[in-house]
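If you scroll down you'll find the structure; I have some questions about it.
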Amino acid sequence: MNPASETVFQVLQSVLVVLIAPLVLGWVNQCRAWLQNRSGPGIWQPYKVLNKLFHKDAVLAHNASPLFRATPYILFGCMWLAVGIVPVLATSLPFAPAADVIALVGLFALARVFVSLAGMDIGTSFGTLGARREMMIGFLAEPAMLMTLFTASLISQSTSLVTIVETLGQNEFIIYPSMAFAAVAFLMVLLAENARIPIDNPSTHLELTMIHEAMILEYSARHLALVEWASSLKLTAYFAIGFAIFAPWGIARAGDWIGLLIAIGALVVKLAAAGAGLALLETVSAKMRIFRAPEFLGTAFLLATLGMLTHFLLEQ
Amino acid sequence: MNLPLYAQLINLFAALLLLLAFAMLTQRRVLSLINLFALQGFVLALSTAVVAWSTHQSHLYYSALLTLALKVLLLPWILHRLIRALNVRWDVEPLINIPATMLVGIMLVIFAFNLATPIAQIAGTITRSTLGIATASILLSFLMMITRRKAVSQVIGFLAMENGLFFAATSTTYGMPMVVELGIALDVLVATLIFGVFFFQIRETFESLDIHHLEKLKER
Amino acid sequence: MQPVGAAVTLSVIWIGLGIAGLAFARAPRVITGVVFPAGAAVALALAVTGLWALGAPASSAILPAGLPDLPFHVRVDPLSGFFLLLLGGVSFGISLFSCGYFRGEGEQRLGLLCLQYHVFLASMAFVLIADDAYLFMVTWESMALSSYFLVTTEHHSEQNRKAGFIYLLIAHLGALGILLSFGVLHGGHGDYTFDALRQAELSGFWATAAFLLAFFGFGAKAGMLPLHAWLPEAHPAAPSPVSALMSGVMLKTAIYGMVRVIYDLIGGIRWEWGLTVLLFGAATSLFGVLFALMQHDLKRLLAYHSVENIGIILIGIGLSMVFIGSGHPVAGVLGLVAGLYHTLNHAVFKGLLFLGAGAILKSTGLRNLNEMGGLIRYMPHTAFYFLVGALAISALPPLNGFVSEWLTFQASLQAPLLESSVVRSLVPIVAAVLALSGALTGMCFVKVYGVAFLGQHRHELPEKPRDASGWERAGMIWLALACLVLGLLPVLMIGYLNDVSRALLNAGLPDEAMASGWLWLAPTSAAQASYSPIVFLLVIAAVFALTFLVVRLVYHGRLRRADPWDCGFPEQTSRMEDTADGFGQPIRHIFAPVFLIRREIPRPDDPQPVFRQEIEDRHWNWMYLPVARFIEVLSRHIGKLQQGRISVYLLYSFLTLIALLVFVQ
Amino acid sequence: MELMLVLGVPFAGGVAMAVWGHRASAPELNSGMSLLTLLAAVALTIRVIADGPFLVWNENFFVDPFNVFLVALTAFVAFTTSLFSRPYMRIEAQTGKLSPNRLRLYHSMFQMFSFTMLLALLTNNVGILWVAMEAATLTTVLLVSLYRTPASLEAAWKYFILCGVGISQALFGTILLYFAAEKVLGPGGTALLWTHLNEVKGQLEPTVLGLAFVFLLVGYGTKVGLVPLHNWLPDAHAEGPTPISAVLSGLLLNVALYAVVRAKVLVEGALGTHLAGNLMMGFGLLSVVVAAFLLSRQKDIKRLFAYSSVEHMGLITFAFGMGGALATFAGLLHMTVHSLTKSAIFFAVGHAAQKSGTQIMADIRGLMESNPTIGWGLMLGSLAILGMPPFGVFASEFMVLTAAMHQQPWATPFLLAALGVAFAAIFGKVQPMVFGAATAKRLPHPPALIPVFVHLGIVLMLGLYIPPYLAGWYRQAAQLIG
């Protein structure tokens, strides 16, 4: 295959995912509305919100530092890079080797650190509160995430997502008990990392319960828009990672166009299913007290590690 | 066994020395302690003279005279002067009571003899058995120094030990070279003088010669 | 001229500079303006020498000094070269910083300070090039000694004196352990040159004994659990550049010693040893970061992070020992490279962070985080460099800290190679611990940065804090650049480390790993794992610029300043934001059993309620104090023997005499 | 000729001081005498290095590398001590602690003391060696009791009784030696001459020599300060004037040890077993350990360093007991560095105690502030004596330890543990005295601290570089005493 078409694929994937990310968010919210017998704002709502925000004048606290203003862009950049790396549509993209799963986790960590710092920048009570809680969630979620990914990479003898996808998806189908543990752990991490119920409630501004929202309270207009967009990107990226590891089917190799069509189709289906599932999960479960979060994530961490051990004990 | 006369004499003196050592060990009165010490010196001088006569070693006569002068006349005189000046006639009860001391002393004598016999076998001198006695009397004076409470009696023990050494030197080896003996004698003399000085100082600092005053410096 | 000659010359020049400093004690301008810059230049030259030695074959020499039977042997091989590079590179930045920092230091102090500082540097250099046990011990101890005097520079504070005492004591005990280990290694023939020690054939038991002695001896210096107690006391006590030097470089000499003795001198590594190192490393790193999160004294916090990072380095080395011990040299090399690379990285960013702390301390006189805040507005430069350091130590891509942790993870993922299933399943758990402590570090530095530099300042300073001066900035810029370069171009340095391991284990990374070019870091093979920090950085930067422009073009860049909103709460005071302790509260809550917490809770009717709590280190209670008590009791009993009564003393002599007589018969 | 000077000058000095010792110029005269002695000793040394060992005065005196090295050391330290004692004793006199007569006694006895030590070192006659040792005891007793305070009297009394008794044992040992030698060499002078004894040591009667060595060891060991015979030592050091503590620790102990080593050589030769060595090792190890543990309980600064002397003497005894080229070399080196360092420490301690008017460590604070030179002297001296590189003490300790690991592996853990404990104890006490805020007053006379730094300088050099002639000298000595 020729580098040119790979580059095309790379650009295509990045742009496409960036564009549909808000749609995913909209879909999830819509499904939640349906499940709660509400009519819902419609799945295009996020785009309207973003557009509105971009139009507004930005309001900035007096003592906001450059770091505060730079953060939304850095955030957006990180997330964009993430979706550029994860094989959403196609494997063996030129950027793919730039980061393996560990680097990916590092990337999310980078984003988290910056957004928390931004939260503390103004020095408001809620900002620091949010940052503290975010980092607490983070330091528990991050290792769990790593362990989950390690389980997959131990099976495929590699930490690069491409190789994982190729071994898991394009070889014959094998049942890995360790992957079951990993899957559950990954789901829990996904909920925690994307500020979903039961850890956080994306749609609340009730001060004492919020985490992610508390950090970005001071943002407005275009900054807020970027932050929101970035978080929808993050959700999509997590979905994509999930697909790549646990449902790595129908992902094209860079360069074959038919495969790409199939991949897009598959992606749409997967995203729809995942979004619906997420909505269902959020509807049936209730938000837990902040100090239950460590237990929740500790369990995730434990499960992930257990997954690794089972891999060593059963599958070698 | 029939030894020549002088050998018997020397053995007799040896026995006397041991006897005197025991006597000093059990003696409570400082005054008679000094007299015993003088007596011991006298016996020492005699035995030295006998050895000299038997072996025709002239320098032993000198050391006999030296002994006589130093240990029979000079030192006891000094000590007498001292105790008169400090009027310590009585020694208080020794730390260990007399019978126990005696027992220990006897053990020591036996031990000393055992120690000395193997050496005595190879000794060339006719007065071989005296080494054991010398050792015994040294150990006995050591014991005496341990058990006494008064500075004076400790010093007398020290001098008695010196006597034992001297006896060992003369009887077993026909005496050390003259230089050495002179040196030893000098040291003993100076030592006694310094002791004398000390008595007065201790006396004027502690109003007594009881050495339990001298127990301040220790690990607490 | 060979590397060894250059290294010796430079170290001697350092000593000369120190003496010159003492000579010019009356002229502080000369010291800060000439002597310290000269020292920095020497450091740079030493770094270059190190690079040179990394490529060159080992070169050795014998100095006309030392013991008559054992003159000083010196030798520079790639391993020494790497550490010389570390020493020179980092101390260059620190010396530059010192030029500015020590301005306005008391006259009579400055001369001594200069002497001790440069002797400290020189003895570290000599430790790295020593090639016989005696020179090693001498320089090792003079290193401890000179740094002790630096730690006790502020000897009027009781706490500093205590710190210095504990430091020197533990260092000395560690040194005794090392000495004993050399003795065991020596095995009774030949002299004490490292060559002779290499030749010595040891039986299994003695080899293990030597390993344990060396491991704990050097561990005491490295601040490994449970011998770390001196570290958080001593590092804060010293003047900041010295803290940087101790944390950044001195601890690394201990790592050097471990590698030198275990890999080079003892040889024949077993996987059991590796497991020991691995577990101690894991415990150390987790413990270190947890305690760091509890601190509110900035320098103390950084010191605890040094403990943590030493743990991470030990994890890398332990992994490599495990692999080598079970016969997988290539994976072993990977672990070693990871460990050594993290050694270098930690030296760089920890030096940078301590310098930042120093800059803050100098301009605000503050060490307590709870009193700082909003400093980014007064000292933007320092804030920026500190941010670089903070990101690096939090192991965030694309900076250097991440690379070495990434490598360590890669090494731990080689676990399937191992036969013993126990070890195989222990390794991933260690990896999990590593991940945990890495994430905790991130949290800790969000706390540090957020509390110190961001937000509103918490207490009124006499005058507006000034930003770091030119010299100080130069030092921090140098180290920050190093963080960036080591993060972006890891392949180059890893190539050198590969040479080191070739010289040490005559095994290296697989060739395709080296072949994959300077852009892509792929330690084993591109298919297994790859990472390209440059692409990483470029993409983020590109997207940043792109979005910025697009937003500007499509929409607008209008901006309005206003009071913070904060859900509409009125008058935000600085007492409403988290303090450092507040930020650590979740950790205290989650890991409560780990800490020994003393709380002082005010009565409800207290007019000025004060809540105070002390976090204490359990090790004091279960390890150090018992030993001290035991010795104390023992000496009391021995002291009883000597109770002043002369008769008893005579009795002693008497009994000795009798006993000996009996014995002789 | 030089030898006559070496012995004659201090003797004459002793007599002269007995006459003029109370004059204002006496201290200078004292140091002058010591300087002359030093020069003579240097001349002697040079001669010995030039044309080897020699015997004089119908073989009653002889000089070989072993004792000439000690002679040089003794003369040197005696000289520096006399320098130190100039201001020190002046201050003592002015503060009314000493009357002119005492000062006279002090000076005269100081010279006599160095005379006796040199005599003990230089004589070839075991008997005269004993005489000299006894004389040394007597002189030092007078010096220890110089202040006539109750404490000093007690100390002197204990010193006198214990060492007197000990010395008597040594005499008995000497007699036994003579008794055995006489069989071989026949009666008369030669049987006490060490050189002759050394030639025939193979034929001497083992059983007798075994006993003799026990008595000699107990006797001279008491003066060396080997545990459990050491009890006089801390008292004497603590209560005597500081210059005397310096020479006691720095020199007298060495001389006594010298006697023990000479005896050991003969006995080992006669017995053919390693008995003597084992005994010495046992005593040495015991001393090291016990002293190390006693260190931590001290409150009086001079007592502290007295115990440290016990510890180091134990180490040296252990080294000589081990024997072998390396260990003996180490022992000799340690003798040198220990006497230099310890006397330097006592100089510093003396001034520190004078400044703060007490010997109780808890009341001495902040020397670094009140007088940096004293502070640094004490700090560096303690670090040196604790075996901190780059000082020479570490060099010798390193060699002792390595030799021990090689020959007596079982002993090394004890030694290392003791060293560790000693470090904690001494350093934990010295640091607060040196650092922190000061509690000291000005002194009428500027302290003479050049000696301190001269000593420490030499010790530092010995740690990094041992001049070849010195090394060769040690080697010859090591060969002599094997």
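For clarity, chains are labelled A, B, C and D in written order, and residue numbers in each chain start from 1.
Convention: a residue touches a chain if its C-beta (ideal position, glycine included) is under 8 Å from a C-beta of that chain, and two chains touch if they have at least 3 such contacts.
None of the values given here were measured: they were computed from a predicted structure.
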item: A-C or B-D, whichever has more C-beta pairs in contact; value: A-C
item: Label of the chain whose CA centroid is most distant from the centroid of chain D; value: A
item: CA centroid of chain A to CA centroid of chain D, Å; value: 79
item: Intercentroid distance (Cα basis), chain C paired with chain A, Å; value: 36
item: Distance from chain D to chain B - Cα centre to Cα centre, in angstrom; value: 31
item: CA centroid of chain B to CA centroid of chain C, Å; value: 71
item: Two or more partner chains touched - positions in chain B; value: 115, 142, 145, 211, 214-217, 219-220
item: In chain D, residues with contacts to at least two other chains; value: 157-158, 161, 165, 211, 294, 297
item: Multi-chain contact residues (two or more partners), chain A; value: none
item: Chain B partner contacts - residues on chain C that touch it in the complex; value: 639-647, 650-651, 654, 657-658, 661, 665
item: Chain B to chain C touching residues, read off their complex; value: 95, 111, 114-115, 142-143, 145-149, 211-212, 214-220
item: Residues of chain A defined as touching chain C within the complex; value: 54-55, 57-63, 65, 67, 70, 73-74, 76-78, 80-81, 84, 95, 97-100, 102-103, 106-107, 109-110, 112-113, 116-117, 119-129, 131-133, 135-136, 138-140, 142-143, 146-147, 150, 153-154, 157-160, 163, 205, 207, 217-218, 222, 226, 291, 294, 301, 305, 308-309, 312-313, 316
item: Residue numbers on chain B that touch chain D, as the complex places them; value: 57, 115, 118-119, 122-124, 131, 135, 138, 142, 145, 151, 154, 158, 161-162, 165, 168-169, 172-174, 176-177, 179-180, 183-184, 186-187, 190-191, 194-195, 198, 201-202, 205-206, 211, 213-217, 219-220
item: Residues of chain D touching chain C in the complex; value: 157-158, 161-162, 165-166, 169, 210-211, 213-215, 217-218, 222, 228-229, 231-232, 275, 279, 290, 293-297, 326, 368, 372, 383, 386, 388-390, 394-395, 398-399, 401-402, 405-406, 412-413, 416, 419-421, 423-424, 427-428, 431-432, 435-437, 463-466, 468, 471, 475
